[in-house]
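Chain lettering (A, B, C and D) follows the sequence in which the chains are written, and residue indices restart at 1 in each chain.
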Amino acid sequence: MLSYNVGDQTINTREETSVSNKLAEARLELALANRIVANEGVLDAFGHVSMRHPDNPGRYLLSRSRAPELVSPDDFIEYDLDSKPLRDPGVGQYSERVIHGEIYKARPEVMSVCHHHSPAFMPLLATGTDYLPVFHLGAVGGSKPPFWDQHDEFGDTNMLVIKPEEGASLARALGKHWMVLMRRHGVTVAGTGVRDCVFRTIYAARNAEFQVRAMTIGAITSLSPGETELAGAISAKTTGLTRSWEYWSMRAAKSVGMPALPKKTPAAKRTKPAKRAKTRRR
Amino acid sequence: MLSYNVGDQTINTREETSVSNKLAEARLELALANRIVANEGVLDAFGHVSMRHPDNPGRYLLSRSRAPELVSPDDFIEYDLDSKPLRDPGVGQYSERVIHGEIYKARPEVMSVCHHHSPAFMPLLATGTDYLPVFHLGAVGGSKPPFWDQHDEFGDTNMLVIKPEEGASLARALGKHWMVLMRRHGVTVAGTGVRDCVFRTIYAARNAEFQVRAMTIGAITSLSPGETELAGAISAKTTGLTRSWEYWSMRAAKSVGMPALPKKTPAAKRTKPAKRAKTRRR
Amino acid sequence: MLSYNVGDQTINTREETSVSNKLAEARLELALANRIVANEGVLDAFGHVSMRHPDNPGRYLLSRSRAPELVSPDDFIEYDLDSKPLRDPGVGQYSERVIHGEIYKARPEVMSVCHHHSPAFMPLLATGTDYLPVFHLGAVGGSKPPFWDQHDEFGDTNMLVIKPEEGASLARALGKHWMVLMRRHGVTVAGTGVRDCVFRTIYAARNAEFQVRAMTIGAITSLSPGETELAGAISAKTTGLTRSWEYWSMRAAKSVGMPALPKKTPAAKRTKPAKRAKTRRR
Amino acid sequence: MLSYNVGDQTINTREETSVSNKLAEARLELALANRIVANEGVLDAFGHVSMRHPDNPGRYLLSRSRAPELVSPDDFIEYDLDSKPLRDPGVGQYSERVIHGEIYKARPEVMSVCHHHSPAFMPLLATGTDYLPVFHLGAVGGSKPPFWDQHDEFGDTNMLVIKPEEGASLARALGKHWMVLMRRHGVTVAGTGVRDCVFRTIYAARNAEFQVRAMTIGAITSLSPGETELAGAISAKTTGLTRSWEYWSMRAAKSVGMPALPKKTPAAKRTKPAKRAKTRRR
């Protein structure tokens, strides 16, 4: 059994003897990440958060096809960087997984990726308006991050990023940035870890919402380049990451409409008393 | 007893010996559809989702007069395509049921209809602004779907679509489209099935919200006609429909303020132990 | 004990031997009205719904000073039309009660009054923009209902309507209408009954929200005078009132953060077994 | 054990023998203040409410570094006015605590301070638009309260107010006002007590939201200077403070996602029966 602290709360997950504890912890963290980003209103039935495999940089973990708010540690499929599953998953897969694979391929320092269609960003994406950090926490999205339009290179499509070359094109547009805006579609965010990626995703979405509302009443003064660089480093410090992760985890854990994360299995429960019984017999 | 899977959850409904299992399942799905569309903020005390009768294309099912979030499988009344109830329902009926009947009459391939007054659409309906798909999922509403104004043909009314000729006029305006906007009133959406209709209803409402907010900050670039056609086909695939239906069902099932869908009746419970008792006596 | 049906739910209240059942029912309905209007986001810590006394048109009932979402049937104080309490209430009173008293005095057909500071109306009140019905249900607020500005007649005040002459001035501004807008303050709505008043309050607030958002994207076409008159009569029919009241009641009853309405008292419970015990002894 | 009434509810806290009851009550009130301001949507993972020490005007209480919605009475650290902790707290501290210390130093009558990044204010802060009271309750924020821009005096920073001179600069900008707007960052509010500070914080945020939405549809007419002064005195009266505090406390207490405030400790429970047991033995 794995123990996991969220604030004062201890979340237990099932014992997984065939995988390293590190991987089991990673799966739990990634499930929580998916739920948090959904619970904070950035994801709905669509969108997903992935992580690079903690033991193998040539692989990544991404849930089977289901709404991120419902994702459990057991839902993750292991992919190679060409987004081929390591083994037949026997369940539905996200069609847009090349977004993740191609970014992990192009950017070795990226450890986590989130793709979403956040309502907050839609006005920018539908009008081609540049994202600007309008408060210090919005600096995590950078200043005027790149735009990508699938139509430019691929013409009329169903707009989903499904083919490897579509994913590679998006990864090229992302370049050295941490966020790329996808015209009339959504946003893709990269991070140096799961919590960094979640922090960037949520606070960039907050900033986009503020920016849009600000634009309806006047001309924006955004952060200076120096402020953007200095304030954007906040998600590299553990203080802010820890505080927000504790907060979002508690909200997600208590949220109505969210199935409980797995606790100790009934099987495991049955085993323990049995052992005790034996001891008593001796 | 009917068993119904929503994600990992099993919902049971009462045994109905006088109707086909298919119909009982359809009623349960339709009750869930009404609750989902309400729970996602598209319907409030008013509006309704109907379905064509699964065994008889000349009939349709629509709830008795009550808020859609409270609708149960037993609330559905069977109507012919002239919107006359097959038998005296003995309860209040929706006054606007001809919307459903006249569309089923005009469009044999339509299997489900939703009429609503979604807040997201109101700015478009109050200003006569065309609906435009601004992101890929919004393509399910089409590009510039038709507008209908009851005043054009019928002059001053209480604006409710009550008379058969009013419903027929609306159905003509819908034409070959899947959505028709009703000036200063609401929206009517058609689908090839209940889940398709729900998906179109919810994502068109999301798109309308995004479009309105986008218009406050700049000029919109909507999907190209080719993109709209290709992306609009998403609700014809089961992958997206299943993923979103699971998500919305879980949200509706857990939502505060929503009465439980019927489970096995106490009567049925009492029957089973009795049978067991007999067996034991032998 | 009084039994009260909200949809399928039965709410019980304590036996009140000193008052008529009619009055006890009225108190319960009025408590629910306060909670509903708060739960639907129109009232917060401030604002109130009152009713004319069911047995005496020269009196009205209004809660003691507390947030409307917390109001219980026992909180109501009986006032004469000069807004003097019939007996010393021994608890804090709303300072703005003359709003209610002066309207009941001026308009014999008004049976219920709601005063609120709904967020939906604030943009209209801060800019002096006329309210216009932009969808059929918004017709319950009328077309261009009157504006009243306390400053016009009374100069600089703390803006609360406290003096009888301030209330009388507001009642004059209301005139024959069902809603009066108060510049930089709030709204006051009148109704022919509690449910009519609640319906007008909530749907006028919805309409105000739609109108404001519509104005950000284009020129509004509101209902014609004929449509406004015909559609505005909806709250006079019990169908719509009953459907919405059931819906709002269920939402309020299940709402997180709302204390339970009083059920049968422990005292009453103790009485019943006692009676049964006597019977058994005979 | 300390008993604390929130409406009809009694909240108990643990006995603290080493501190005065007054201080224990103050800690509980301050924990509730943090939760209330978070629960009302003004604070998220960041921001904080402090109070001057009730027994020593040269000290103040501020939580250790955690999201305000999760703050408990035991989380508070005692600081001197140079924002140095009285003893090594052994836990993470807020980096921006000088905001509080420097204001307490400059303004002896200020008893409570709240620093936040409310979404409602962001459009004003990103565009440099003056705050104007657009309804009576918004008068608690004053008319055109001062703006402060960290960049003016300190150039490019990470925008956090961390150095004593940064806090002192902000306190100078606040001057005699009760609220200071921080460009591209947030807001800081002062009050004559915790409830006054919470009231000002929440209603100024409501007003900012109304003002921004009003500006999208027309020219604002704000309160006159006389009205602002008279209406702004509302938070000095206990009536409004008590009514809103009861309301917000109930909402926060029942809010999903909020850990329970401490009740009587198990230790204390064990003590009581023990005493009774002794009595029985005699």
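Assorted remarks:
Assume a contact is a pair of C-beta atoms (placed from the backbone, for glycine too) under 8 Å apart; a residue touches a chain by one contact, two chains touch by 3 or more.
All values derive from a computational prediction rather than experimental measurement.
Following the contact convention of this document, no chain is adjacent to both chain B and chain C. Homomeric contact chain C/chain D: same residue numbering on both sides for under half of the interface positions. In this assembly, the chain whose C-alpha centre lies farthest from chain D is B.
Centroids of chain A and chain C (each the mean of its C-alpha atoms) stand 46 Å apart. Rounded to a whole number, the gap between the C-alpha centres of chain A and chain D is 32 angstrom. Within chain C, contacts with two or more other chains are made by residues 216, 256.
With chains as nodes and touching pairs as edges, the resulting graph is a single ring in which every chain has exactly two contacts. Contacts between chains, counted with the stated touch criterion, involve the pairs A-B, A-D, B-C, C-D.
Listing the residues of chain C that touch chain D in their complex gives 44-46, 65-67, 69-70, 92, 95, 117, 119, 122-129, 151, 155-160, 183-186, 212, 215-216, 256-259.
Against chain D, the residues of chain A that register as touching in their complex are 7-8, 133-137, 206, 209-211, 213-214, 216-224, 226-227, 230-231, 233-234, 239-240, 242-244, 246-248, 250-251, 253-256.
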